[in-house]
Structures are given as C-alpha cells and as structure tokens.
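Same chain, two partners: chain A is paired with chain B first, then with chain C.
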Partner chain A sequence: MEAVVIGLVLGGLYALLAQSFVLTFITTRTLNFAVGEFVALGAFAAIAVSSWSWLPTPGKVAVGFLAAAVVGALVYRFLVLPFTTQGEHDVRWLLSTVAVSFVMLNLITNVEGPSPQRSDTARISGTVDILGAGVGKQQLVLAGLAVVISLLLIVVTQRTSVGLMMRAVSQDPDTASLMGVSPRAVGAASYFVAMGLAGLAGVLYAATVGASPVMGETLLVASIAVAIVGGLGSLWGPLLGGALYGVLSQVASYQWGAIWGETAGLLLVIVVLVAKPEGLLGRRMEVKL
Partner chain B sequence: MKIWSSPSRSAIKLAALATTASLVLAACGGGSDDEASGKADADGIITVKLGVVGPKTGPASLYYEYMAQDFEAFSDDFEEQYGVKFDVVSEDDQASPEETARAVSKLINEEGVHAILGPPLSGNALQVADTVQRSGVPWLLAGPNADEIINYETQPNWAFQTNFTNQQIMSILGERLWADDAKVGIVFSGDGFGQSNLDQLKLWAEANGHELTVEETIQPGAADANAIVKRLEDAGVESVFMGITQGADTATVTRSMEQAGYAPATVMTTGTILTNYKDVAEPSQWENIQIVDPRNFLEGGDKWVLDQVQEATGDAPAIPTNNISTYAMLDIYAQAVKEVGDASDKEAVRQAIEDIKTVHIGPDLTIESPFSADDHKLYTDDPATWFTYGFDEDFNLVNLGTAAECLESGC
Partner chain C sequence: MSTVEKDPTRAGRRRAGPGAADRGTHVRSALRRDVLFAVAALAIAIIVILPGRNGEGTSISTMQLVASMAAMTVAAVGLNLLVGYTKLVSLGQGGFYAIGAYGSAYLALDKGWHPVLAILGALALCGIVGAVTAMASMRLRGPQFSVITLVMAVLVERILNEGNAFGRLAGYPNFAQHGTTVTEPITFLGTTFTPPMIAGEVATVMVPIVVITALVVILSRNIARSPWGASLSAIGESEMLASHLGVHVFRRKVAVFVLASVLGGLGGVMATQAFSHLQPETFDIFLTITIVLAVVFGGSGTVLGPVVGAVAIVWLEQSDILVEASQWQQDTISESWFLSTSGLVGVLFLLTLFLMPRGIVGTAGAVVAARLHRRDAAEADGAGGLDETSEELVEDLTHVVHEKPAPGSLLTLTDMGKRFGGLQAVAGLDLSVDRGQIHAVIGPNGAGKSTLANLVTGVYKPSSGQVTFAGNDLTGQAPHSVSRAGIARTFQTPQLFHDATVRDNVLAGFADTGRTPLWAAALKPPSRYRRDAEMRVESDRLLALVGLEDVPDVRASELPYGKQRALEIARALAGGPELIVLDEPAAGLLATETSGLGDLLMSLRDQGYALVVVEHHMDLVSRIADQVTCMDQGRLLARGTPQEVLSDERVIAAYLGKPLDEHGHAVETDDGTTTTPAGPGSTSPSPSLSNGGDPS
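Take a look at the complex of A and B:
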C-alpha cells in the first residue's frame, strides 16, 4: 500500500508537467521539449523575488508562473510557429524546441551556476501519514494541484467560450480561422498556460529539491511517458497516466530496486503504444481521404 | 566552528566568478606555445604547458570550477616557490566519456602538453586511462577516487592520485559499518564513482567475512528515494553507507529517510556531501551523518588551502576535498619539474614525482615520501591518520576524532 500511495503522489508531479505537453499538443499539434528548462525558469524567477518582503507568497509563486508563461508564449510565436507553416508533416518544431532547451539550459547555468539553490518560496515542511505511508506535505500539495488544475482545464475547455475556441482550433484550425478564431492566438495562449504550469511546478518542486538548471530534465522523461500513456489528446490523460506510471514505477522499485522503477514505467509506455497508440484516454483520429 | 562561508547566490557574483575564472584560465592558457617550452627562461622560470580536462559546462561544472579556483588562488605561489609557471590549456569534457576521450586526445596529440590534470570524475578517467598510460604523459589525478584507474601491472605507471581512493575509505569504514555484526546497506550513485564505491565495499566485506545486505543505486537528479529507503528498512539495515557523487542526491536519500521515519544507527558518507547538500537539506536530516576523510578541514594546512581559495576567489571552495587534493598535486608536479629542470623530459618528471620526498599542503602540513612504483596514492588507509566528522545545526563540520578513535570508542 505504501508504494501505491507514494506512487500516486509522485504521479501527481509528473501529471502536472504532462499537462503542459497535452495542452500544447491539443491546440497546436506541437510539443515543447524545453519544458524541463521552463520548470527551472519558474523556480529561479521565484527565487529572484524571494527577498521582496512586500510580495506575499502567492505573488511570488505567480511570478514563477508568469515568467515561464511569458517566455513560453514568445517561444511559440518566434520559435515554434515559424516551423509549422508547411502543414501537418512539418515537424521542424521538433528541432527548434530541442534547440530552445539547450539554449535555456546554458543561459540558466551561466547566470545561476550549476549548483542547486535553496528555495523557501511556498515551502511546506513536514510529512503526513496516509495509509501508513509517510508523504511529504510539499509532494502532497503538488499532487493535489495537479488534480485541481486538470479539473479546471477540463471545465474551461468544455464549458467556456475560450474552451470552445480551443476545441475548434484543435479539430480544424482552417475552419476555425474562417470563423474568426485565430489559431495563432489560441496557440500562444496554450503555450502561455502550459509553460506557466511548468514554471508553477518548478516553484513548488524547488521548495523540496532546490532550484537547479537541470531540475526539470530529470522529470522530462517521466512526464512525456505519462502524457503518452494517458493520451496526448486528453486533458484527463495526465491524471490517469500519472497514477499508472507513478504506482507502477514505485511498486517495481519497492519490489526489485530503484533501477527497475523507471524501466517498468517505460515498459508501460511501450505496451500502451503497441496496444493503443493514441493513449488510454486519447481518441483515434481518422482522416477521410 | 565555521570554516568557510556559504557560497554567494547572487547572479552577479556567479557571473563575476565565472568571468574571473575564465580570465585566469585564459591568462594562464592564453600564453604562446613558445613561452611554454618546459625549460627555464632567462629569469629562471619554467613555463609548463598543463592540460586541464573537466566539465567546464553543464550540471557538473563544479568539478571544473574547483581547479579554476586553485589556479586563481595559487598559481603565483607556485611560481614564486618553485619557479614553475602553469600555462593552462583547458578542455571541456562536458562530464561525458566521449568528450573526455576527445579532450584528452587533443591535449596529447595536438597541444603536446607536458602533463594532464583531470578529468575529475572517476568514470571519465577510467575511460581514458589506457590512452594516457600509453602516451607517456604524467597524469595528475587530483579528483577521481576509483582505484581501478591505475593499473599497477603496467610499469612504469604515469598516473598519480592525491585524493583518497575508494579502497582506502572502505578499509577505514568497513569495521565501523559492520560493528556489532550490523546489517549494512549501500546507496551509490549510478556513475563511475558510485560503482567503484560498491565494488570496493563488496571487496572489503568479502575479504573480511561480511556480507552486504542491500545494494541500491540512485540516479542523478532522482525525484525521490522512498523505495530505496523502504528496501533498506525492510531488510533491517542498521548501517548505511552513501557513496553518492552529488550532495543534492544525498539529500534526496536523507529526505526520504526522514519522511519514512527510518533512522539507522550508523549513516556514513564521503566528503562529496560538502558540495550541494546543505542548501537542499534540513538540519534534522544531517544530524546523524558522519564522514571520514584523511584531511583536517578544521585546522592546519588543509584548512589554509580552503581559506586561501575563499579569500582569493571570494567564493567558497567549489569542492573542498578536491581543492585540497589539487593543491597537493600541483605542489608535487611543480617540485618534480623544478628538480628535473625540463618539463618536456616527461620520463624524468614522472620519476621525480614517484620519488618525491615531501609534499607540502599549505605552509605547515607535509606528507613524506608518499609514492613508490606500485603505490601512486598520496594517502594511506591507516585509521589513525583519518578524521571522522559530524555536523552541527548549521552544517559546520565537527571533528569527532580520528577514525581509529571512533572505531575504539564509538563516535
């Protein structure tokens, strides 16, 4: 039971980052492989304002969100959008987002140094006992936040006019454009929110492990795996994928050692890709020729 | 007792350090090849072309920074003391085996360096061990701890280690860990350093009739170590050794220990905890941790080196253990070059290193005749010469006595 509880909590962190992938994929059919660096950017932005005593903690967390969000929107406009102009088969954005990852990593390292820095913003110390498992309160907040944000995104996409525009762009950007909806604006907004979420995760995660340029890199593989398992086309997907990946990797780690944990999670990805390539909650896209 | 202040966190200071370090290395390394002939000039100064390999960029760049700090702090001292000037030719190995192989090859074949300092990471050093040995260039290993890097069956051997080795630390720690027939577990990082720790601990255990109860690996940057801790706890492990390269990963383990309420009687690790640990851990997580090291960080020559680095660079020593071992190595090499009078006579310089009488660490610490043909390690595994340290609430080191004393009466 302990492995299950810890796995679910850890899965929450991965789910929060996986939501970044899902959001951009739904609206722009692109993935930002620099998400890990946006995690670090959010964390360091929060540290940069941590000495501003007049700004309450939620404000500092918001700075972390906004810094990553604004840079995310700019990256979409100038480094993703120009490389998606030649139709669905234009995947130059793959290279440009990987390049963004390298550039951001080096910039952050040069400015902040390679060592982890302590972050007390939104730090919650202590552990709670859940079904016999000691769980860090900080981790619990991250997991809870993943659930709340996922539900919020689902409500927004299904019940609001903004969501309607997102769904329209997702299904047919050309027709949505004819109806007065700007796919570019929707894409930029998606990147704004998605990278903001990565920054938010960075602020909260840094309170546990410290902020470092590579803090997001180690989460990247698991987050992509979670997004694929749940389905890149479903906002529910990260929650299910995170739970499955987290529990499976923890149970494997408990049973056979830590080295098998990540391996088990990645084996799950392979199984899902073989059995249901669109992900467990993704919908198969059929194209009429 | 505080021995050196916490590193500055401001971006400006870091940028200033990076710039200063670059300028120092550029100044040292930017000299013309003509100047670095390895022979004495008109003023009697011997300029040595010293190849320096390490991760200048990337997440492990602290392992390059400590060398840059030492050059910044001590280059003038060595020139004044021995008449030897270091013309540094630095190569970035990006902490990867492939880049290390490229960097070492370039230094040997294209730059024609007189000696090579680095790489600092055991795994990368292992990767190029044969290459350097074949090249016949004095190999100054101030960072890596893996014993496997030096193959004494190949003579004459060109590599020298001024850090302690993993075999040595296991000799010191073994009896402590297995005291009262305790069950022992190891958590080691998934790299050359961690693997060497595991191998040497197992060898010691086997040779002394013990068994390692649990072996767990932690990947760099792991998000948690709950499963690792749970497996240690379930196996009834009472003594834990952490052979982990990065202090931040050590913090992940101790955080999970606290979270699980797991408090083994003995928790030992190495000086790597002095890097990257404090800022991401809490006092309650380090209160039971002890380290052993052959250096006295709190007084004498070892402390002097650390203080000088702090004073010269304005920042804390990047990796205190390696700052000291690099100083010792540069002292050894500079003495050898001075004695031979020609750095390009590598065979003679290698022999002079092997025959060195006195190694100086700071003004008042000396180590006598440390090397022989089949022993290129600066330190020994005599517990009476090793120190055991704990930590106070502010993570300042507390000397608990020699390793021998701690074995006898507990610490």
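Take a look at the complex of A and C:
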C-alpha cells in the first residue's frame, strides 16, 4: 500500500513533466529532448534570486518558471522550428533538441559545478500520513500541482479561443494559418508554457533533492515514458500514465529491488506501444492515399 | 545511353538476343568498381596500422585511436542503414554497443565461454534484443520510435551502472571480483591477439579489427546498392509505397534493425578487444548520440558518410582541439561561462544540421553530381515523356510473354463492399477484367473509384466480398502480397523516390526489391551481378518505352509532372505485373501527353496486360477502354462499352446533376446494376461527356 501511495505521488512529478511533452507535441508535433535541462535551469534560476529578500517566494518561483519559459520559446524559434520544415517525416528537430540538451547541460555544469546545491525556495518540510505511508508535503504539492495544471490546460484548450487555436494548429497547421492563426506563434507559446512548467517542476523538486545539473536527466526518461504511455496527443494522458508508471515502478522496486523498478516502468512503455502505439488515451490517425 | 528507336537495326538485334552485349559491359564495369573499392578499403585498413608493426611504445596511442575509430565506424555504418536509408532515427545504437562490449567480456570471463564463442554469443544477444525492440516499435515512426530506442539504451546503461555482476563503477573486470582489471587477450588458432597496451608488444588484435571494419564497410556498400538497400530507401520514403513494390515492410524493418544492432554490438566487441577494460560511464547517452552525430556529420544515407563521420568525430574528441577550444573560451570569455567537450559536440551537431544537413560526404557528392548533371537537368524539361512513347518497344518486354492467355477473367471482384465507419464507400460491386483488356472505372468525385483501386491493391481490407486474381484468392491480402501476385499500380499523385534518379526509380520497381535475400545483397554472388545488369538493360528499355530514355540520371523531383507519371508507369511495368491499376493516369497531363498515354496503354493491352484505369478524362476513356464501369455513391451505375456508358442518361445525370421531372423530383431510372442496354443515344455519345474532359 505504501508503495502504491508513493508511486502515485512520484507519478505526479513525472506527469507534470510529461505534460510539457504533450503540450509541445499536440501543437508542433515535436518533443523537446532537453526538458531535463530546463528543469535544472528553473531550479538554478530560483537559487540565483534566493538572496533577494524583497522578492516573495511566489516571485522566486515565477523567476524559475520564466527563465525556463523564455529560453524554451527561443529554443523553439531558432533551434526547433527550422528543423521541422520537411514534412511529417522530418525529425531533425529531434537531433537539434538533443544537441541543445548537451549544450545546456554542459554550460550549467561548468557554471554551477556538478554537485547538488541546497535550495530553500518554496520548501515545505514535514510529512503527511496517507494510508500508512509517510509522504513528504513537498512531493504532495508537486503531485497536486500536476493534477491542477492538467485540469487547467484541459479547460483552456477546450473552453477558450486560445485553446481553439491550439487545436486548429494541431490538426492542420496550413489551414490554421490560412484562417489567420500563426502556427509559429502558437508553437512558441506552447514551448513557453511547456518549458515554464519544466522550470516550475525544477524549483519545487530542487527543494527536496537539491539543484544539480543532472537533476532533470533522471526525470527525462521517466517522464517521456509517462507521456507515451498516456498518449502524446492527450492532456489527460500524463495523469493516467503518471499514475500507472509511478505505481508500477514503485511496487516493482519494493518487491525486487531498485533496478527492477525502472525496468518494469520501461517495459510498461514497450507493452503499451505494442498494444496501442498512440498511447492509452491517444487517438489513432488514419493515413489516406 | 543508346537511343533505341533511332536505330532500327539495333532494336531488331535486341529482339533476337535482348541486350546481351550491354549486360556484359554492365557486369564488367560493376565488377571493376566493386573490386577497386574492396582493394582500396583493405589497403587503407592495413596502412593505418602500419605505425604499430613493431609494437613501439610511441605507437600505442595511435593504435588505440585507430581502434576507437574502427569501433565507431562499424557502429555508425550499422546505424546508417537505419537512420540514413530507412529514415528511422534510432537513439539506441549506444545500447547495442554496450551489450556487445559487456556481453562478450562477461560471457568469456564470468561464464567461461571460449572468447570467440563469447563474441558470437554477445552479437546474437544484440540481435535478439534488436529483434524484440524492433517488433515492439515497428508500428511507430518519428519521435515515438526514437523514444523507444532511447528507452532501450537507457535501460542497458542503468543495468550496467547498477548491476553488481558488472562491477558497477569499479568497471569490468575489476580487482574485487576478478582479481584483475583487464580481460585476457583472445588466443585463436594459435595466434594471440594482443591489445595495444604494453610497449614492445605488437598489438596483433589491430589486424582483425581493421580487416573486419573494412569488410563491414564493403558489405554495407553492397547492401546499400542492392535491391535490398533500395527497399530500405523505399520504406524510408513511404511504407505504403514500399509494400506496393512487393516489400514485406514489417519483416524488412525488423531485419534491418537486427542488422544494425549486430553491427552496433560488433563495435562494442572491438572496443573490448582493444581496451581490455570497460567503464559503465563511457556507455551513456553521450555515446549513443555521438554515433548518431557521426552518421549525420559524415553524411547519412551515403556509403562513406558514416566512415568519414566516425573517424572525424573520434579524432575530434581525442585530439586536443576541443580542450584547447574550451581553454580559449575560459581565457577570453569567462572563467565559468564556457563549453567543454560535450557542449562543443552539441554545438557541432547544431552547426551540422544548419550548415551541412547532408553531411560531409553528402554535400561533396551533391556538388559533384550538380556539375555532372547540369546538362541532364536542363533536358528534363525538354521533349520526351508520354508524348513520345514508343509502342514498338512494348513487345521487347521480356517478362510479358502471355502467349496463351488463359481462358476466363484474370481479376474478379465479387460483391465488394467497404465501409468506413458510417460511410459505405463501396457496396456490392462486381467487376471482372480479362487479359488484354482495358477496363475503365469512371464516376463523379466521391463515387468510390479510388477506394475500389485501394481494395484491389490491398491498401484496404474489404468489409465484404472477394478478390480473385489468376485463380488465387487475394481477399484481404496485404499490398506486398498483391504486388507479388502480379498486380502493380500507379497513384493519383505520383509516388516517386524524389531524391533518386529516374533510373533508380525504375530499378526499385523490380520484384527483386522485395525478394532479394540479405545474404545475396551483402555477399553479391555472380548471379547478383548478372541480375543487376539484366535489370539495368531492362530499365533502359522501360525508360525508352515511356519516352524517358534521355534523362536516366536526372533526379525524379526535377522532372515535370507529366514525366513523373510516365516514370511511375515504367516502374509499375518493371515488376512484371499481369495487371496494372492506374489511378487517374491522365490527371494533370497535357493533351499531347494524354494521347501518348493512350497509345502506350493500348499497346500494353495488345501485349496481354490487363489494365484497370480509374479516369475522369472521357476522351481517353472512350478511345482506349474495352469496358467501362461507372460508379456512383459506391455502387455500380452502368457498365458496357464506352459508347453505351457515356450516353447512358443515369451516367450523365450523375456527372451533371440529376435532371428533374415536371414534379420537381429527381428522375429515377431502374436499379441500374446490370449492363446498360444500348439506349437511343448509343450511336452518338453525349457530347457533354465525350468531349468534356475532366469534370472535377
């Protein structure tokens, strides 16, 4: 039972990052493989302003969000967009975002050093007892945030005109641009929000484990896995995927040891992809001749 | 390139012994090129290890560098088959490299296998893991495929980092577990293969390493230039198109993934043999990305690209250049804001994507090709194409000797139905086509004509009904089976390999693309040379047939639209089909081209081909068709000779809108599912349809 609860909470963190993959995927059909570095970027940005006593904590968290968001939008404009021009089989963006990940990781390591730094911004200490499992309040906040943000994104995409634009660009960027919706602007906006979310997750996560350049790298694979399991085209996907992945990997690692936790999670990805390549909540797209 | 129709004596001789002299020339020149390449590859391999022939201490670092380059080359050559040809971006090659490296060491040291067996075992393991990963990811393309391969590589890395059997951070082997930090050199057939480590000892292991690397390059070149390689490019272009060319896409993708995995593992095996010790942190994501970079940097989809890329990247990483560059940044820019090796590699990757997306070899090749073919490209817009088809060549088609057409119809559709959700696209349709017959299918837009074409060729599985072809039941068969059974097709918009030359497009149409076994592609036995030459001669003839004999080396995308259609027909003919389904072949053609197309189709009919032509162009239909089927809303509306059908009032109504009777209701005729009896207007077809051209 304890494993299930902790798995669910952990799944929340993955779901938050998975949401940023889903967000960029539904609007631009691209994934940012450098998401892990944006997590670290957000965390270090918050540390950089932690001594500014005039800035209240929400402001410091916002700095973490904005730093990652702005860099994210720039990366989209200059390093993703130019590599998506050759149709749907064009995956050069995949290589360019991997390259961005190398550059950012290397730069952050050189600037901040490899060892973890303590971060007190938005730290909430103490644990809560849920069904016999002691869960850190910080982690609970992260998991709650994932749920809230997912619901928020769903409401925005389904109820507002911004969401309509997003869905239009997602379905047919060419027609959308004929209707006066700029796919580039929508793409840049979704990278802004998506990378901002990664930065936000970084700030909150750093408060528990400390900020280090590689802090996001360990989350990257798990959160891509969560996004794929849930379905890259569905905003509900990360919640379901995060819960499944988190619980499965925690239960497996309680039962058979840490190495099996991750293995079980990744095997889940393979099973889901074989059975339903579009993910559990994704919709299949027919190819027409 | 011989212009056949201008030389009747030559054409006559060909008919007697088709292209025997040409074939001999092609075989000899291909053999000469291949031998030259192989000799050059082996010579370079031997030359680079000459500095270590005496085992001097100063040569050790050079030999280690060569070994790293060789290992990276083999892994990159394997990955190139996936990334470059099949256009599947795998991020898992580093994982296979690690499995090969650790697997061969572990099986030998912990399991006590003979080292050679251990190497084979590790390669087999790579193949098995590769096959499983491939089968799990085969329905995926693009990012999902890349992610699953990345997941595989990460899994391997974690196991090596955390699995106690592999010594974790102490490396493998290590003192605590094995009492030594180096693996034993292999002794095989009385020779000990010493790694480049100790001054004064000749690093004998370098000989097999460079020779195997050269062999891998030679064999991969054979594969890339074989019909097997063409099938990979076809899959990369469009899986649907590849399956229409008779390629079993699933099996071929699994096969190429396994091949790439084994080569990745072989790279790892070489690393183990050369360095005798393994550290898990050298097999991280950085390795897997570096292999991808080697392919892209050198030139993906070229034979030499991965070799050049691997050598360049390894040299760059091991030389002092990157260290100096990072020192320079620290001196001139900032003590902390600088990039070191991995960051600089990332920058190099980005620069490659921006400035040189085709890589070193690809870019250089494009420059040379542009010089050579500037003239050809100008010719592509000139005369030729379908308005200059040459019918007399049709009878030269060696494979279509339908001397005794079997009685009965070739293709029979019985009660065909196809439903998409709530839409009944085709319902209760019967159709039969005989050898030597052109059957035109007409009907307004949305009538279900293209759906019918897709049902015949296996793109869609019928919801009901049966497809019988030459006595075999083809109902629900996949496109590649339909293609192999003898049905070829062309598409509404030409589906060509745009970056390939005109000739290569035709060559891809031969049944060999789907049928050549991998071993024959790699080892290139004499029969392969003969067959290649035969295909080459045959492709020249097919190009002449459709009027493209002057532009065999032009890229398909540089052809004007009409010639692309001609090329598609030539490719369909290459497969030696008995029946060809043409989906709107005249769409977008000039009047002269349409007339040439008509001549070509009629001469094909005279040679015994059966043709199903989905067409809007009524002039063409009434000129060439033996039978016309008119469809409306998925059902048969009328059938008969062109005159009968085109004058049928229901057909006219379907095209031009239904005439209304005096009560304002649409005029309904009889059920209209049988052959239309000759109506009053049958002798003079309705002018609006027979002259109307394309109503859409």
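The rule is simple: the second predicted complex is superposed on the first by the 289 of 289 C-alpha atoms of A that agree within 3 Å, B and C clash if a C-alpha of one lies under 4 Å from a C-alpha of the other, contacts with A are read in each partner's own complex, and residues count from 1 in each chain.
Operating definition for what follows: a residue touches a chain if its C-beta (ideal position, glycine included) is under 8 Å from a C-beta of that chain, and two chains touch if they have at least 3 such contacts.
Predicted model, so just to flag it, every value in this text is computed and none were measured.
With the C-alpha superposition on chain A as described, chain C and chain B clash in the combined arrangement. In the superposition on chain A, A:Leu273 makes contact with chain C only, not with chain B. By the touch criterion stated above, A:Ala258 is placed in contact with chain B and with chain C alike.
Shared-chain residue A:Val214: touches chain B; no touch with chain C.
Of the two partner chains, chain B and chain C are each touched by A:Val111.
In the superposition on chain A, no contact is made by A:Leu131 with either chain B or chain C. Looking at the shared chain after the overlay, A:Leu10 reaches chain B, while chain C stays out of its contact range. In the three-chain model built by superposing on chain A, chain C overlaps with chain B at stretch 184-192, while the rest of 184-192, 238-246 or 400-408 show no clash.
Overlap of the chain B and chain C interfaces on chain A comprises residues 106, 110-111, 217, 258-259, 262.
On chain C, the positions that touch chain A within their shared complex are 87, 89, 91, 133, 135-137, 139-144, 146-148, 150-151, 154-155, 158-159, 162-163, 236, 240, 285-286, 289, 292-293, 296, 336-347, 349-350, 353-354, 357, 450, 454, 459, 491-492.
Interface of chain B with chain A (complex): residues 7, 9, 11, 14-15, 18, 57-62, 190, 216-228, 230-231, 248, 251-252, 255, 258-261, 275-276, 279-280, 282. Residues of chain A that touch chain B in their complex: 2-3, 6, 10, 13, 106, 109-118, 125, 127, 134-136, 139, 208-210, 212-215, 217-219, 222, 250, 253-254, 257-259, 261-262. Every residue of chain A that touches chain C in the complex is listed here, in rising order: 25, 29-31, 79, 82-83, 88-89, 91-92, 94-96, 98-103, 105-107, 110-111, 217, 221, 224-225, 228, 232, 258-259, 262-263, 266, 269-270, 273-274, 277, 287, 289.
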